[in-house]
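The structures come next, written out as structure tokens.
The two complexes that follow have chain A in common; it is paired with chain B in the first and with chain C in the second.
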Partner chain A sequence: MTLRMARKWPINSCSLRVTWEFKRLASTKADVKYPGLKCGLEIHLQLKTSKKLFSASQTSFQDTPNSNVSLYDVALPGTQPQLNHHAVLLALKAAIAMNCKIQNRSSFDRKHYFYADQPAGYQITQFYNPIAKDGYLRLLPRDRRIGDKPLDVGLVQIQLEQDTGKSTYAVDSDAAYIDFNRTNHPLIEIVTAPDLYYPEDAGAFVHKLQLLVKQIGVSSAQFQAGEMRVDVNVSVNGGQRCEIKNLASVHDVVHAIKSEYKRQLAEEKKGTPVTSHTLGWDGKQILIQRPKEQTSEYRYIPDPELPPLLLSPDAVEKVKQSMPKLPDVLLDELSSSPHSLRMVDAQTLLKWGLVEYYFEVVEKLQDSGLAPKLAANWIVHHILGLLGPNEEEILSVAVTPQRLADMIKYERDARLSKMNAMNIVQYLLHTPDDSRTVDELMEAFDLKNSTDQSELVGICENVLKEHEDAAEKYAAGKKGFFNFLVGMVMKQAAGKCSVKEVRKVLDELLEQRYDVK
Partner chain B sequence: MSILQEGRVCLRNIASQNARLRALISLRDEETVVSELQALDNNSSGDGSRKQPLRGKTVVLKDNICTTWGTTTCASRMLENYKSPYNATIVDQIAAAKAVFLGKANMDEFAMGTDNIHTIYGPPLNPLFPSEAHTTGGSSGGSAAAVAAHMCDIAIGTDTGGSVRLPAAYCGVVGFKPSYGLISRWGVVAFAQSLDTVGIVARDVGAVRTMFHVLNAFDEKDPTSISPALRARLRQRADSLTSPSSSSKFRIGIPSEFNVDSLSPVVKEAWKRTLANLRAAGHELYSVSLPSTVNALPTYYIIAPAEAASNLARYDGVRFGFRSEVDYDTSDPAAAADGVLYGRTRSEGFGTEVRRRILLGNYNLSAGAIVNHYIQAQRVRRLTQLDFDRIFTLDNPLAPSSSSSSDSDVTVDFLVSPCSTDTAPTLDDVLTQKSPLDAYVNDVLTVPASLAGIPAISVPVSAEGGERTVGIQVMGQYGDDERVLGIAEEIMKL
Partner chain C sequence: MSLLSSARLLRYGSSVCRECRLTLLRSSSTSSRYTPPVKITTDEELDKIFSEPTWTVQSLLSQSNPEELHSDINPSSLRQLLRRSGLQFPKDEQEERKLLFDLQRQLVFVDHVQDIDTSGIEPLNRIGEDGEKLQWEDLQTEDNESEILSVKHFSEKLDRGYYVVRDNSGIRE
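Right after this comes the complex of A and B.
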């Protein structure tokens, strides 16, 4: 038994069906690998706001079950909804970011069905008049979509709605447990047009959407936490569509579509036309859950006590002005002068939510004469590998932009090795309260480059003696052994020397001994 | 008389009459009540309670108003043992004004009914008829009966389509439904929110007014509570209209559509006499027409059950309230396979009238019917509101464009009509009604004001022969509550 209710595709309207047919014909030419495939998505996002959609209880639903539950959340008689305006603001931001037409007047409707984790017997959603309509999100080749042209994926609507509670079923009895913490958590549902013709494009869309809403602070959009839930509608060759429910990662989206495509094609070959079904995905294969009802009877009714949501054009304009830069703008900016980052590095910064951090470090490096790219290299290629789960969130507090900028400068000045810089990073990640400067830390932990030239030459000679075989292999042309030797020297010098200097000395010594270039 | 002495009169009346009248279905502990009354007598204004408007008044609440004391049953098996963890806003307001609660009043189950016969506690009886059982009217029958039998000073009811006015008319007391949205509904169990209004029952208009002033306040917990800004505008208008310099002679409309065929001679005579008296007192009478109100009854019976079906979906036995011994009807494997978990609970927990209205409401909301029924009904409702706006001299402060009336139209300050087609019927008569529709038609005179959200009050006027009373209804423009109370008071004195 699934918890999620069957949803209509995309809404119960004949005109949308026509669009579907039209787009299918327009698309088939370009298809090579998946001829006749067409997908649309329905994505639920939990909004990043501290209060529930219609009550004042907290939204931290991972707490002890039923610890964040108000009188309204459990639908006690006589309780009434109070709209969380912050949730409206977040929905508005999402709508603006996805180029939607904001509706100056939207309203709330009740969608009825009985379920134990749906306390009121209805979900408040926006069926008749959603907050936003007719948007699009542009997929670019760099988003790893198929082909070398951009694709505008149409958005039918964005609606605000309540989440349900969570049911857990006991394995050893017929007991069911209900946690109402998630009840009434604010969600937006995003419904796309059936504009996706490749499984990879669907994956790229989900990934892009995820980065987008994270970047603008609308949702944390973590699949594992249930903050993002994806349903995919799939049809082949204009046949009936089937809906795969609750896909839990980009990978699952891509592979479930591929699998469903094959299934529908096989059915077609057998001469059994595909009939509309609700499907599941277990990570390996499509599970057929139940036939889709012809028309779902949700008895929608405009909520009789929630006033319409009126948004003045001025207010919408204000939100537009206050929008942070969107990911595509940031990627363009990062990949062009003066940043000139490689696209993949820029995307990595974005994915980890570290673009702002990067900008701050660059600002601190402004008068150093160092290229901004250097800061990106440090973050993407050195620091990210050191981060534990979710530690990217504390990075800017622990390794403040000033500290990172200092370390980058000191490394250039040969005062601090990168190796010891990373030791400092790791120390700070574990001790974010330490407020000392990089200088003070270098002093306290004796990390300053202190190895003088003669000492360094001595260490290098020693390493060449100890690892003669490696040195010989290098001399014989196996260049990779050079870095091994550098590493050995750094280790013996306890990192208190600059790699550049080590390379120079080693290079000279090897040249003297083996006459190599 | 001291507060305690006055309170004891009510307690004595409860003790002697409630077993027969069934007006109250739960009582607060008598010792607690007495000590509260005593405390108010003894208190020499240390906490300012002497200045409190309801000081020492005894109050009962319809049992769909949530209180942390006692149960809040809605006269339904579904909530027979339900204890609310919180107070309705109005309960706190009344307590802060130093009234003393005596108990909870009988009602039609979930406020659905016209004769208060749909209650698990047995129908309350009308105190005006000691020898033969007569209905109190519904759904706030217990509230009206308690006031009529002097079991309390003031009773709180709820009025969705006439549920305070009709029982007041039948029981010979005053029943007031204020403008929609003035009194908080937080903690008032919903029947049909777009119509539900807290109402006040008392033996005179003065007591109603005092209570109204206590309750007429913005409540942020109620999304339909009228905003402080609009309240300020309404107050300003009321102040200027009731200033000593403004005229106390009014233009009174007689709505021809309210002269329905089913009006009994006794009601018609009382209406005519009231109008004649008003004219003799210097007011002007005008015949007016509200053509859309002829559709008010079917409109009401589409909107209210639809909202009710939605509101009552929460009663599933999972979190609170009644739950059937058996979840599934095991003899019906289809039902079990379908996952119909709550059928038994809801069938056994709700009474026949509630079940009927849920079915009616769900039908009207179903995909095939909603556009033709519910959406259409909302349009007709809008027409009804426009009809009233056209007739009243005052503008509707909620309407976006003012003065929808053309210059040639007659406009009036108030409308005066009967509140019910007849005086209270006998219990036997209503229990032997063939069709539920027989009860629904009684609402024909009260639902127009509910659909329009305008203030309406029923005041008792003695019937010919003097034995019985007839409820005369006064309706005014939205927000004109103070003047409606004023003219009602005058009618009672005529």
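Right after this comes the complex of A and C.
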């Protein structure tokens, strides 16, 4: 078996995607202000449990419709809720990470409204006595907030609650198709204070929250999987607030707020008072849906079937002690000595959940004298671009820290080219069961760099002959064609040579032929 | 005797312990006439007091004009309430007038309940004892004693795996 030649590196590597996303968030200059704007967020986050909040059926995403549903989930009479304690643990971790005061006694309430995907006619939530209150999440300038000072965004409360089922609507009839798989999935609702005065800061908050809950293992917080949904409350110049519901990306949050700000300002200029409404966002414009419900319309009552949630102080203390390092601590560590990573690379590692993997590779490189930064460069700028959806989860199994460390060392020693190292990575991602070492794979697939200098010179001369026009353009001053020639040599050599050596030989040959340096 | 206390006693009667009965009796309230405190020492004396009603709902309602006190209860708000409660709208004007009248009178009763000074009293939001506090070990598990019962036997009602609802005019959160 032979390895295929490595494909071209994807243009949209993961690090570029992250950089682009940050640039979109900060696309408005800091001196563009939104006078009178005030925003608060209500974020619904699915917890990473295997069972539902009040029943033993499995949580799932995109499973066969109505395949993970118990009789409690469809509210058949006689069924009763039983609390999933692991959901409580995850809620506590989120609350502690956001500096909240834990309420050792909290309770559950019913929020009544009728909808087909809410079979009980009410949602169980924690309206009166939530599990946590009075916290904050700090936005730093590196989180791409507007301005150069930190901003503490207050958190009013964090509450445990049930998710609803999913409704899909027919285009050509009045039918709604209901899937109860999502019913009763554990959620936490995070309610912020109206401490946000720029749309970009709201976007930065959502982005930071995603990183945080992913890092501490509370939620995957993926918008596209419906694991995170954001509602934004917007008011201008102290007027009535309107709520934009179910925003499904950071981009939507920022642009919806901007649109709503303009709409409310326009109403004010016309002399029309802004009335409190529930709004939607279709990706381009604000849609007015209905007047906003008042709290009393939900007829909150304490749930009579659930006892209060009582936590022992010892349990809360142990949860605090078991917390992993938070993202800000990790970013500080990664950007200072001995790692000294660029902040954008550190943030990429964090975003993809690869910080622990990076640390393990660095540990394997310890005796080699190579800078830890090299491991980050390989992971962020070369390997991430090769990963398919969710493959970052198998990376540490397929491309073990030892294997990656070996490839980095061999590339530095000019024994293995980076091109063939990436071929090995791709092979391992597709055959994670192959337990051979890098040495054995290099031997099996004949990937070692050739040490025959004359062979390399011959290949370079061949390439210059075949691509004479490119060589002439380089000689005429178009320096970009040099890399093209290097690429052609690597291709002809099947990657079995060091890029450094290729550049050296090509330099010499071009100087001889065209008198260029 | 306070209205709220009376309401509670009427509901729970002899199942309430003596201590709680005395506490309820001592709580102050708005009352239609002043009764000097009576020293009660036996269960028989308590039972005698409970056996003789000292007020009626009708006596409260006859003192007020419900329509004027609750003019916010009108056909529009009535429909809003009925919609939120999942109840049917009245068939005709006569039924609507009756519903409005009954609702206004009930709210007068609620006004009297809300007259009671409950400052410093912890609301009773659940009858029953508190359970055990959760310990660290309890938080590690997703054990659930409830039986997982499949709804597969409803499958003949599904359309491509989905339950189908027509004319879904419910109120979305």
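Keep this in mind: the second predicted complex is superposed on the first by the 477 of 517 C-alpha atoms of A that agree within 3 Å, B and C clash if a C-alpha of one lies under 4 Å from a C-alpha of the other, contacts with A are read in each partner's own complex, and residues count from 1 in each chain.
In the analysis below, a contact is a pair of C-beta atoms (placed from the backbone, for glycine too) under 8 Å apart; a residue touches a chain by one contact, two chains touch by 3 or more.
Since the structure is predicted, the reported quantities are computational estimates derived from the model, not experimental observations.
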Combined model on chain A: chain C and chain B, fit or clash: clash
Touched partner set for A:S219, first chain B, second chain C, both or neither: neither
Touching partner for A:P307 - first (chain B), second (chain C), both, neither: both
Touched partner set for A:V319, first chain B, second chain C, both or neither: second
Chain B versus chain C as contact partner of A:Q347, first or second or both or neither: neither
Partner chain in contact with A:Q123 - chain B first, chain C second, else both or neither: second
Partner chain(s) touched by A:F114 [first = chain B, second = chain C, both, neither]: both
Touching partner for A:S106 - first (chain B), second (chain C), both, neither: neither
Partner chain in contact with A:L71 - chain B first, chain C second, else both or neither: both
Which superposed partner A:S498 touches (first chain B, second chain C, both, neither): neither
Chain A: partner with more touched residues, chain B or chain C: C
Segment of chain B intruding into chain C (one of 97-105, 151-159 or 295-303): 295-303
Contact residues common to both interfaces of chain A (with chain B and with chain C): 71, 74, 79-80, 82, 112, 114, 116, 121, 178, 297, 299, 304, 307
Chain C - residues contacting chain A, complex: 84, 86, 125-126, 128, 130-136, 138-151, 158-168, 170-173
Footprint of chain C on chain A - complex, ascending: 49-51, 55-57, 64-67, 69-72, 74, 79-80, 82, 84-86, 88-89, 92, 104, 107, 111-116, 121, 123, 128, 164, 167-168, 173-180, 293, 297, 299, 302, 304, 307-312, 314-315, 318-319
Residue numbers on chain A that touch chain B, as the complex places them: 1, 12, 71, 74-83, 110, 112, 114, 116, 119-122, 178, 295, 297, 299-301, 304-307
Chain A contact footprint on chain B (complex, rising order): 64-66, 72, 74, 79, 82, 84-86, 88, 185-190, 192-194, 220-224, 306-307, 309-310, 312-314, 316, 318-320, 339, 341-342, 362, 365-367, 370, 374
